[in-house]
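The data blocks that follow each hold one structure.
The two complexes that follow have subunit A in common; it is paired with subunit B in the first and with subunit C in the second.
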Partner chain A sequence: MIKVINGGIEILVEDWPGRIGYMGLGMAAAGAMDNLALQLGNLIVGNDTGAAGLEIAGGYCEFEFTAAGVISITGADMSPTINGSNVPLWEAIAVKTGDKLKLDHIGEAGFRAYLAVRGGIDVPVYLGSRSTCLFGSYGGFEGRKLAVGDDLPALPSDGTADGIAGRKLNPKYIPAYTNVWELRAIPGPNSVPDYVSEAGMDYFFSTTMKISHNANRAAYRLEEVPAEFWARPDGGAGGSHPSNIVDHGYNMRGAINVTGNTPSILIADGPTLGGFVCVANVINADLWKIGQGIPSRDKVTFTAVTVADGIAARLERQAMFEADDLLIG
Partner chain B sequence: MEFVLKAHMPGLVARVVVEVGEKVEKNQELAVINCMKTEMSCLSPEAGVIKEILVAEWDEMDIGSDMIILEG
Partner chain C sequence: MSKYDVIMDTLPPLGDRPEILFRQAGDGFIQVEYGRVQRVELLDSFRILAADTKIKKKNLTGLIETLPSLRANMIHFDPTIIAPQRLIDEIKEVEESISGVDDMVIDSRIITLPIAFEDSQTKLAVELYQKQIRPNAPNCEDGYNLSYMALCNGCTVQDIKDKLLTTDWYNSGCGFWPGGGFFWPMDPRAKLNVPKYNPPRIWTPEGAVGIGGACLFTYTTATGGGYQLFGRTIPTFQFAMTHPQFKDGPFLYRPSGDRIRFVETSEDEVISIFEHVHEKTDYVYKIEESRIVVKDYLAFLAQDDVVKGAAEFAASQAKGMQIAPKL
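== the complex of A and B ==
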């Protein structure tokens, strides 16, 4: 269905919610970094929300379709073209054998685009998911990012594709992209007063932090916090630094882990446990924003919310997927 | 005619692997950008001679940042 002509920066097969249930064995859940764009892309082409698609980080890639089908491109706008002509995002597009899809570099906002194909990408299901865990080298297409010459089939789809091409996401549901991403986060489990000072939490929830160039599918590293962040004033810079605690399991996706004075948002392929504090956790409804943060350019802010707020946001997201006016045409 | 190698990704310059005066081929690696804990080659868009190197190790790049001036 899709043959890679130019593998660009990083193209991976990812589904949603990824490989759930194996963190106790040290296996991260993987899954789409921007689950919202993947799920919407799947709905546009008539798939279940969680079907496997291609996650394209950074752009600069080209594909040839080796079979006819229906696709959608969602997420970051990388000026996609088919056979040299511009094509829209957030819309079902019919493609025929031999068509060439090209994506340019990232634009003003957003780092990852998603290519959904009707039926979904056909790679083996491994432990319940088709997602690639890049740092474990398993899942997806041979456990790796795609390279020139890879040819990925699509699964057969239920029903007819008639009338699907041209179907669009209602513009009011297109996610807003930015260069300063507000992430709602629930404080804890290792926060004030035992691990982090009041001033430290105030700093955390009031400071705009730049995303480091060291930001990938395992962790999005941020700017350092000041020494006053910590409840314990002593410990120095080594193993006694106050960020060190007895090893514990990390939350799945969104944990804000601080090693030394450096916070990192643990994400798709991140570690499942370790011995550093996790001072807050980004809510499920906002995880997609992390995936669209541009390393070495974008910034994040954290807003404190409650567990109830997180649940409400998740229910609101689910209601959007089920809205009668989600798709047009 | 002059042309410029521009950064194709945001990130930090890991190294420049050519020197002023050096002849290079089209698609030859001229520099490396570090982003996402991965090294990404910056390839010469055309054959030419290195005229001026505008970046140093650890300089921060954005997409389109000028890196190296070449004479075609």
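== the complex of A and C ==
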């Protein structure tokens, strides 16, 4: 269905919600970094929200279609063209054999684009998911990022493709992209008064932090917190630094894990267990924003919310996917 | 009360049960923590596993998975299906049903793993570390880690090997790396302690066995790592799932509760077993279904020879730690 002519920076097969249920055996869920863009892309081409698509980080890539079909491009705008002509994002596009799709570099905002194909990308299901875990080299397409010459088939889809091409996402539902990402987060499990000081949590929830160049599918590292962040001099039996703790399971995806004085957001391929504190958790409905943050350029801010707020945001997202006016045309 | 307060609910201490804290950890996670003090105590892990088994037996709709560790259990759930407080109430009910250690019985298999000490592959890992990462690392002085391990513990290299072979090692919970278990000595006389590599290695062979702190790890695939290496065992993980032991999943270990027991063998034998697991797929793992009856285990810990031996070893460790160079 789709053959790689130029593999760009990092193209991966990912689905949603990923490989769920294996955290206790040391396997992270992996899955799309921007699950919202992937799910919307799937709905546009008539797939289930979680079908496997291509996650394109950083742009600069080219594909050739080896079969006719229907695709959508969502996420960051990388000025896509087919056979040299501009094509829109958030819209179902019919492609024919031999068509060439090219994506340019990233634009003003957003780091990852998603390519959904009608039927979904067909790679073997490994432990319940087609997602690639890049850090463990398993799942997806041979456990790796795509390279020149890889040719990925699409699964057959139910029903006819008639009328799907041209279908668009209602513009009011197109996610807003920015360079300062507001992430709603819930404090815990390691917070005041025993681990972090009140002033430390205030700092965390009021400081705009730049995303480090060292940001990938396992962890988005941020700027260091000051020494006053901590409520204790050391980690006791866990270790010498106050960020140390007796090893515990991580609230992954979305944990704000602090190693030394460096906070990281643990995401898709991140560790499932370790010996450092987790001071907060990005709510499930905001996980998608992390994947759009541009390393060493964009910033994040954290807004403290309650568990009830997080659940309400999930329900709001579910309602959006089911809205009558989600798609037009 | 702070606006950052995270304790959603508690169960007070009762008999030998520590206080149990329910900590919020996001809109899809709750951490159940046992006691307020950071401690390394297998009894906490036994309680967690006894409770974890009962929680899973409830088949709660909306419970996705659990991640037990030494003194906490991370509960992953879908809050649009099961409300957090409802989940907490269900877990509290389980905890209330376990009144004391006498009630704690844990399903725990015993897996026998052949090990070759000082094999060529872990030696190669140490050699590469010295070449590429840290020349003259004090933990690699004679080209391997065993002498440093002996120095840290105030004993001989042979003592280290004997201790590794005589105790069963208990898995408090897999994590960090696919299929990797965190194993602790059941016999306190074998409670070795060593600092981790600083900085870590970039390569460790599949099957390597190492210790960091008091914890033992069998490397499931080739990866980086920071534990002090002393030998190589047989495969404990298989991505391809071609061997019958791995037909339902790539993991040898269950998420928690297994014990492993090492038997010494030659490197040739370990290499041959690798072939019989990964290529010929006809190696038969030695796995015995068993249980840990916690009150019996506590009686073992209270035996005079165990108490005395553990105290003596702790004293020699304290001396060793004073003279061993820091990493």
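Here are some notes:
Assume the second predicted complex is superposed on the first by the 322 of 329 C-alpha atoms of A that agree within 3 Å, B and C clash if a C-alpha of one lies under 4 Å from a C-alpha of the other, contacts with A are read in each partner's own complex, and residues count from 1 in each chain.
Please note the rule applied: a contact is a pair of C-beta atoms (placed from the backbone, for glycine too) under 8 Å apart; a residue touches a chain by one contact, two chains touch by 3 or more.
Quick caveat, the model's predicted, so the values are computed rather than measured.
If you count the residues of subunit A touched by subunit B and by subunit C, you find the higher number for C. Judged by the touch definition given at the top, the superposed model places A:N214 against subunit B, while subunit C stays out of reach.
Contacts of A:K96 after superposition: neither subunit B nor subunit C is touched. Contact with subunit C, but none with subunit B, is seen for A:G136 once the two complexes are overlaid on the shared chain. Once the two complexes are laid over each other on the shared chain, residue contacts for A:E10 go to subunit B alone; subunit C is not touched.
Look at A:P193: by the touch rule set out above, it reaches subunit C but stays clear of subunit B. With both structures placed on the common chain, the touch criterion links A:P295 to subunit B but leaves subunit C unconnected.
In the superposed model, A:G58 makes contact with subunit B only, not with subunit C.
On subunit A, the positions that touch subunit B within their shared complex are 9-10, 57-58, 60, 105-106, 213-216, 294-297. Residues 20-27, 127, 136, 138, 186-194, 196, 198, 201, 235-238, 245-251, 254-255, 271-274, 278, 281-284, 304, 307, 309-311, 313-315, 318 of subunit A are the ones touching subunit C in the complex.
The touching residues of subunit C, when paired with subunit A in their complex, are 2-6, 8, 23-29, 31, 33, 36-40, 64-74, 76, 79-80, 84, 173-180, 182, 215, 220-221, 239, 249-251, 253, 255-256.
Listed in rising order, the residues of subunit B touching subunit A in the complex are 8-12, 34-38, 40, 60-63.
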